[in-house]
Structures are given as structure tokens and as C-alpha cells.
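Each structure below appears as C-alpha cells.
Two complexes come next, and they have one chain in common, chain A, joined by chain B in the first and chain C in the second.
And now, the complex of A and B:
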């Protein structure tokens, strides 16, 4: 659940009554019922995007071993259930945080950036005002996506008919290289925003100017992810069409 | 998730697939996309300049079945309407007609965006053509 500080979610241990950590009681070591925390908090990390993936992996394996349901074979039913629930949350949290794109998308959701909702509202605004809705990605990228999709359709058709068109293959091959380049550039662009975000988190200022700065960083990350979605899908489609 | 019969029908027999010359003075082109799924949709209209009635519409969509069905339906609906009537089409009507599930609502939003973008493009061409006509009349 967004916005929940670990302190809110960690009262006392069900077994011995002292204060506990998120997963195990810090005093008696018993497994604790899962609490609704975000994935960053689950691992005890700040909500930052430059994440030490080696540390994440170490934490993951350490927790996996301690939370593994086999360890609780002889334990009370509730502990077995909790260890199972905690393990499943651990896996989700690990899978989400280790991937740079999933991690960014997750942070955006946590911070309340809802792409679909924003797009729907923009359409409603366009309907009400008669102004044109601004597309989430630049028009020239949309053109490129459309054109390449047309070429891919042509290629699939030719393959079906057993025809071979070296010029078309060459064109698609070139497009693929340019897409891969773009993909790399977009990831770098995203990482530059990560650093700005992390700096803003470190400063922890709550004044309105900083809040709107943070919002701008989130919007720029969304913008990069939008463009990257197209590029990623196209790379996948190009590879499929070339290999089929 | 399963598609409704109407979505499947439009998917199997899409209406008005094709393209028009986007340079044509009476043609409006809308190219829009849904970044969340990577869909891209092109919708084109041919408008009668005397009546402002959309006499023909074509589309080409790369995306899921719901996106194809939404744009196919959109071309059917705009044909025969005036530009102003076409601007009244709401995405929720497409959702209703095709019985789209909540996860596919963005496909209907995309279709409405495409209609608006095509009409916007056509209007821009009309505006651009006006001063020349005035000059020619003088």
C-alpha cells in the first residue's frame, strides 16, 4: 500500500510482544503476519531507483531461505500460512525491483501516476473543449511505428507466399538496428531521471515547489517509458517476423 | 478474458480497412497510439466540402482484437455523419456496443482519439485553404 511507513505496519510481535521487524520478530525470531507495505519497504530500501541489485539479490536469497515453507513444516498453522504469504510477496517484490523497467513502472504506480487514467481524462477534456489531445509520444515516432508495422506485414505475407524480397529485408534489418540504438538511448535517458528522483528523495523536502519538481521527474519518466514501450514491442515483432 | 461476438466479428471481417491519400484536400488523417500496449491506429476520413458529411472512412490498426474492432466500428459509425455529429461519438458508446471489458477500455479511447485527430487534421486543412480562397475572390 502506498505511503505506508514501516513504523505504521510493525506493531508488536504476536508471540513475544516486543517490537518486531517486517518479516521476523527482532527479539524472538518468529515469522510475522504479512503487512501491507510497498516492495521497497519490504526489503528495507528507500524509495530510490538506483538500486544495488547485488544487495537486492543477497537480501532475496537470505530471506528466501528463512521464509521457505519447508522451514515451517513443524510450526503452528498460522506461521506456516504467514511464511507462505511472505514468500510469495518476497518473490513478487524481487521480480519487480530487479528489473529496471518494472521497478520504474512500479514506482510510478506507487506515486499515483496512472497512465490509462490520464489518457482517458485527456480524451474527455478534448471532447469537452474541442481542443486536440496531445499524443503521449511524438508524431514522428508514431509514423515510424506505423511504417515499420506495414513493412512487417508485407514481410509476413511474402514469407507465406514463399517469396523473397532482399530490399525489404535490408530495410527491416536497418530499422532493427536503429530501434536497438534507440532502446539503449532511452534507457540512458531513464537512468538520468532516476538520479534526479533519488536526489529529490534524499532531500525529503515537503514544500510545494519540491513536490511539483518531483511530479515533473515522474512525468518525464513516464514519457520515456511510453516511447520505450513502442520500441520494445517493435524489436520483438521484428525478431519474430525475421525468424518465422 | 474472452472477446464478445461483436469484437470477433469485426476482427474477422474488419470493415473499411485501407488508406487514402493523406495529401488530399478533402481527406483527414488521424494517427494515434496507446503506449501501454504499443498499439497504433490510423483512421482517415473523406469529407464532402459542401455538406461537411463524412462520405468515406478507412482505417488500419496494428494491435489487439479490441483495438481493431474499435477502429472498425468507428469507421462504420462516422460514415454518413457530419463532422460535428462524428465529434459527438464517445468512447463509452464503443465500449457498450462491443461489450469491451474494463482492461480494454483504452482501445475505445484510442478509437475516439483517432476520430478526433482525423477531423482535426481535416479542419486544419480547411483553415489553411481559406485565406487562399479569399485572395482568389478578390
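And now, the complex of A and C:
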């Protein structure tokens, strides 16, 4: 809408006055001052978690060609500043969205779920109600983790003494493999929640029932992420013990 | 033609300047016709700065007036370089304070590493200006990918001191990939292994329709050919102590000249061993003694193994960060002079299970890539208009939080420009100042990371601990240089800084050095003109003294003689001043006044010659009109 004042929902291009996209003018191609938008909107994507990463990469490259400071080598200072801000936002958005875990965490935050606070609250709530404890060892891993920690302790002792026990290394290797499998399973579990979320977004319903459904999906995703974090930390411990 | 933008490779051992000639980047040679300008700076006995090949002889003749490999000192503090000082003949200024930017002694003067680098850049600028026949003020300069913020700032400062507007700092391996990808136009994953004189970088890139996207980079900013040289020097000194006695060995070790000779000999041997099975060392030592030894390739390779093995860790880490297996790398490009060593090539081949590319000149490819990037920044041409470089930050950036822990805000290998915001709060009730300590590095503890800068967010309204909401925002620009701002959100109190490196120069210092370098250059030029004018004045005065003894002097009128003598006195009076205009004026006036004397002398000479007298006695060549040729002062 030509002539529309900047700052409105669909501001006009500072250079030619026509309506513009969030980063550059679709009419004259000029870079625009950054507006606070979320990463999905920046790429023109719906707020869904199943994302075609090949398409994301294509968009990233296409936007890079228009926004990167190298393209503004000869431009005025103001445009160069906007290009720096826009392309740093582009890079941050791409880095976040291309990684499935970062993308999920970002969406949770966007939907008002404070990751750490939430998990703390969740733990307290779980303690109070006797439900599943999100910060503690996931119950299905309890036995495995206990055994693994013993093995790791043994390995550290042996390393200190300069000893070598192939049987122990094999045990730890097996445990590591099992953890990695678990990691894969958790990712699949997360992806199942993605699909539920995406469906809810498609329905765009705002009635209270759907809202609380959506909240449940978000909570389940958080739970999966917490468990996954736990497993990932264990894998890191194993790697550290093996490499040290 | 618009003013050209040049690409500069400011190397540890050699530096080059290149530009885009039509569709291909070319290196601009120096006046000596050579592409490489050795990164050696010396001060001659008249305190004139000598750079490059001409400066190399000073390394041996007057090592206290010369410096090499100064890139190792860029952006570092005294405490950072204690190890270097054991191995390199860097002479620090005597009055250096802790926490101050390093200053190096050259003769009686001292210079910071950016100033010394600026001398090299100025030489390259001159080479380019001579080549284009016009001013060159815009450049792209390359830096090792693994350079931290302080080292990058120092390089940018060097550019400014040299009178260059540094449009972009480009990572060396990435620049190399631009030169490599320019004519290949292939998509795929490329690894660039860059082992130069003083630094090692490994970068893994994805090439996609003209986009050069760096996926991961790693390296060591203190690993290169210098380390091989130092090892060989250490071995030679051991040998000398063994063969010629401990006392003599120690004497050699203390002699700058002897060590410089050994260094030159081991470098030559190293080069020979890249193509021959053995190399001979033959060095003249003090007291007419000699150090002679033959090194076989086999022994050489055993000796350097531990050094080149240090490149393996960074390569593996880069692959891991890129989430790639070696077999997923499509091409390996070798960059840097040290990749000429066959053992290095075999190591790369084993590591990536692929024969590396060796068709590009490893000494020139970085400068050529810088020229390509310069062309892109200048608006591009047909061949570069689809090309775009997406580089990354090599090291994580963060701040120190309570307990001395590093809180990372931007992770390494993030595509730049990059930004990130983190929120913090206070630890103590009523806290009004918050200390922001900016860090770079991968370690958990702040004290193990590189300290980039410290600043205070002041004037936070007193609130109970935990209530203030302090927003810390990091922004890395396309040069990999960081800007940090902090804001207390509840009060809106703000503090912002361009990260001023802990061991960096302030903007004011850089400005002063820039002005000083102009003065310095002009001073050089002016002094040279004075020296040359004085020489010319001496010539004419000597000739006049002889002329006065000639009978032609007597044939002048009294007025003519008086006039000449007045002007002679005037010239003598101004000659020892340092106003070359005044000297020149005196010379011209005296020249004109003695015109008739010269003519008369000429006549006398001819008639004398006719009488059969030898020309020698007539002082013909020494006449006032026949002064010695004087070299025109050149803008240096």
C-alpha cells in the first residue's frame, strides 16, 4: 500500500514507497530497516516444525544474495548498517531453524515456554504430585545409567593406574550404542509431536479446547527434550571418559 | 577508471598484492619484478625504512635493525609471547609496561607490530600505485581464519596506519577457495589446508552455485614453517656445541649474526629437501669456524613429524564440527609455502583419503582470492557477480559470569554476520555497576579464554539481587570483529563498546600513528630532497672554486665577480639548513650568474686544446654548468 507510514504492520519501502517484505522491497529490491519478527516469519514460513530443510537452504542462499554486506560494498552507510543487521538476523534464523532441536526449543520459547523455568516448575510439580520427574533419571534408563556410571568410574580408575581392560571397554561401548539408539528413538518421539503440533497450527482454531491441546503438545515436547538432554549428557560423559 | 580495490595477503613470511584484471586475478609485482615481498622490515643507518627483499640482508648484517615474522605478535600482549621470545630474535622496547601494546626495537627506534605491518602494507600500496599510475587507498586484507578478535583488530589498525581503507578482512583459506572456485565452478565440499610461515588453518566449505559457505574452521595461529626452521636451528646449535665445544656453541647462540646465518642455511636446506633426497648445510661461524652437515630427507621427515602432526587435531575437530566424514570431502586444496613439503602432502592425503590439489601456486592463491573478494565488494564483474562468501567465526564468544565461568553467547562456526542476546541479572542487593568481561575461546573457565575487553555497565538503579534484567547483545560483523552492548532493561541504562582489545591500540593511537606515518613518509621524502640538493650545491661550489683559479675568472667584470661571490656566500649559508627549496634557489641563482664564466672557460679550454694542452688541466668537466648527475628524489 503505497504511502503507508513506516512502523505499521505492513510498512512501505523507504526508497520507492511500495509495500515491502520484512527484509527487502519486493518492488525496488532495496534493503529495509529490520523489524522485530520471529524466525519463521523472517523466512515466510508458517510456525510449523516439520520443515523442508532443502527449501530452507534455498531460501537462505537466496536471501543471503540480497542481504549480505558484500552486496552493499558500494552502498550508503545507512543501507550498509541495515544489511549488517538483516543478514545477521538471517544467519541466526537459519542456524536456529535448520537444527531440529534448536528449532523445537525456539518454538517452545516463542510459545511462551521458558525452557529452564518450565522444567524447574515441572520438577517441583512432579515432586508434589508424584508424577514423572522430568529432571531426574528417566525411569526406563534407571538401571542402565546405574551400571554405566559404575563402569565409567572403573574406567577412570584403570586409566589412572595405566591399566587396560578390553572387556570393560566393550561393555561401555555397548552402553554407548544403546544410548545412541535411545537418542534416535527420542528424536522420533519428538517428530511425532511435531506432526501433532503442525496439525493443530493448520486448524488455526483458537477455542479453549484446542488451546489446551496445543499446550499439552508443547509440554510433551519439553519432556522429550529434557530426556534427550539427559541422554546426550551421558553420551558426552562416556566420550570424555574414553578420550581422556 | 574507478579507483582499483586491491587484495592483500599480509603473510608471516611473504606478502603480496593482487587485483582483478578482467576475468582473472593477477599479482602485482614489485619494482624488482618479483611477486613476493618478504615480510621483513629494517631501518638503515639513516633510519630509513627498508621493506622486502632489500631488507633481508639486514637480517644478517645488522640483525638489531631488522625484524621478520612480526605477524606472530599481532594483537598479543607481552605475557602471550614469552615462548616466541625464546625462539625469535624479537627485541622488545626496554620501557615496555605490562598490559601495554608490544613495541619492537629497530635500531634506536621502537614500533608496535601494527606499525611494522603497516610498513609492509605501505610497500605493497606503493607497488600497486606504481603499477596503476594512480592512488590506491582501498583494500581487502587476508587474515588467518583462526585469528581472534584482537589479532583482527590489529590487522585492521595496520591497514589504517598504512593509509588504507580496509573494506574487508577475509580469512585466508576462504580467500584461497575463492581463487580456486573461480575457474572450477563446481558444487561440492572442499577442504582448504593452509600451512604457512607462522599459522595453520583448516576450513571446510560447501560450494553451491557460486555461494562459498564455510561450514567449519579450525587451526593454530602459532604453527607453521617458522617452527620447522626454529627446530632445525636448535638442532644445529646442539650440533655446534657438540662439535666445537660448549663455550663456542654458546657464543654462536648469542651472536645475532651467526644465528641469522644458520637460519638462512636451514631454510635453504628445507627448500632443497622438497625436491632432493639430501641437503647440505654449510655455515660460516665466528673465528673462521664452520658448521657443516648433510641432512637426508628421511632424517628431516623424522624431525618435523611432531610439528606437522599438530595439524591433525584441528583437521579432525573441523570435520567433527562440520559433521562430515573424511570421505565426504570432494576436494582438498593446499595453501601456504609449507605445503610444498612432501611429508605434509602425504599427511593430508592420508587424513582425507584423497590426493590434494597442487595446481595452484600455494604462495599466491590467497592474494588472488583477496583480489576476487575485492572485486565482489567493488560491485562485481560478470565472472564474480554470482559469487558470495559466507564465512564463520572461528572461536566462541561470551562473557564471564559469577564464579569465573565462561558463558558462551555466540558459538564457534556460526555464520557471520551473527548476533545474539543473553539476559543476566545481579548477584548482590543494590548493585549499581555490572562488570562485563568479554571472552573468546572454547574453555569453560574465563581465565582459560582470551580476554577481549572489559567494560562496566554503570548507573543501574539499586534493586534487590536478581531483579535487574541485563541484556547483553553481541554483533559480529562480516570481518569477524565483535561489537558488544549491554542494557539494563528496567531502567534503560545502556553501555555500548566496539570491543577494544585488551592488547589493542585505541582509535586515538591509531590516528596518531597514521598521522605520524604521513609525517614519517613526508619527512623521509623531504630529508632526501635536502640531501640531494646539498650534494648538488657542493658540486657547484667545488666547480666554482676551481673556476676562480681559471684565467676566465679574471675576464669577468668587477660587478659580475661581486655578484657571483655574493650568491656563492648565500648558497653556502643556506646549504647546511634543511630547506631544500632555499638550497635549490641558491643553486639556480649561482648557476645563472656563472653562465658567462662557464662560456669563457669553455673558450679557454678550446683554445688551450688547440694549443695542444691536455684537456685534463682545463677542468672542463668540472665547470659550473657540468654538475654531477643527481638522482631525482622519488616519492618513497
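Basically, the second predicted complex is superposed on the first by the 200 of 244 C-alpha atoms of A that agree within 3 Å, B and C clash if a C-alpha of one lies under 4 Å from a C-alpha of the other, contacts with A are read in each partner's own complex, and residues count from 1 in each chain.
One rule holds in what follows: contacts are C-beta pairs under 8 Å (C-beta built on N, C-alpha and C of every residue); 3 or more make two chains touch, one makes a residue touch a chain.
Keep in mind the model is a prediction, meaning the values are calculated, not measured.
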A:64 in the overlay: touching chain B, chain C, both, or neither? Say first, second, both or neither.
second
So which one touches more of the residues on chain A, chain B or chain C?
B
Using the touch definition from the top, say if A:28 reaches chain B (first), chain C (second), both or neither.
neither
Would you check which partner chain A:73 touches, where first means chain B only, second means chain C only, and both and neither mean what they say?
second
Identify the partner contact of A:192: answer first if only chain B is touched, second if only chain C is, both if each is, neither if none is.
neither
Thinking of the overlay built on chain A, is A:230 touched by chain B (first), by chain C (second), by both, or by neither?
first
Please work out whether A:143 is in contact with chain B alone, chain C alone, both, or neither, and reply first, second, both or neither.
first
Tell me which partner A:88 touches in the superposition: chain B (first), chain C (second), both or neither.
second
The answer for chain C against chain A in the complex is residues 167-168, 208-209, 211, 373, 376-379, 388-390, 414-420, 475-478
Residue numbers on chain A that touch chain C, as the complex places them:
61, 64-65, 68-71, 73-74, 84-85, 87-89, 91-92, 94-95
Residue numbers on chain A that touch chain B, as the complex places them
115-116, 119-120, 123, 126-127, 130, 132-133, 135-137, 139, 142-143, 145-146, 149-150, 153, 225-227, 229-230, 232-234
Where on chain B does chain A make contact in their complex?
31-38, 40, 42, 60, 62, 87, 90-91, 105-106, 109, 112-113, 116-117, 120
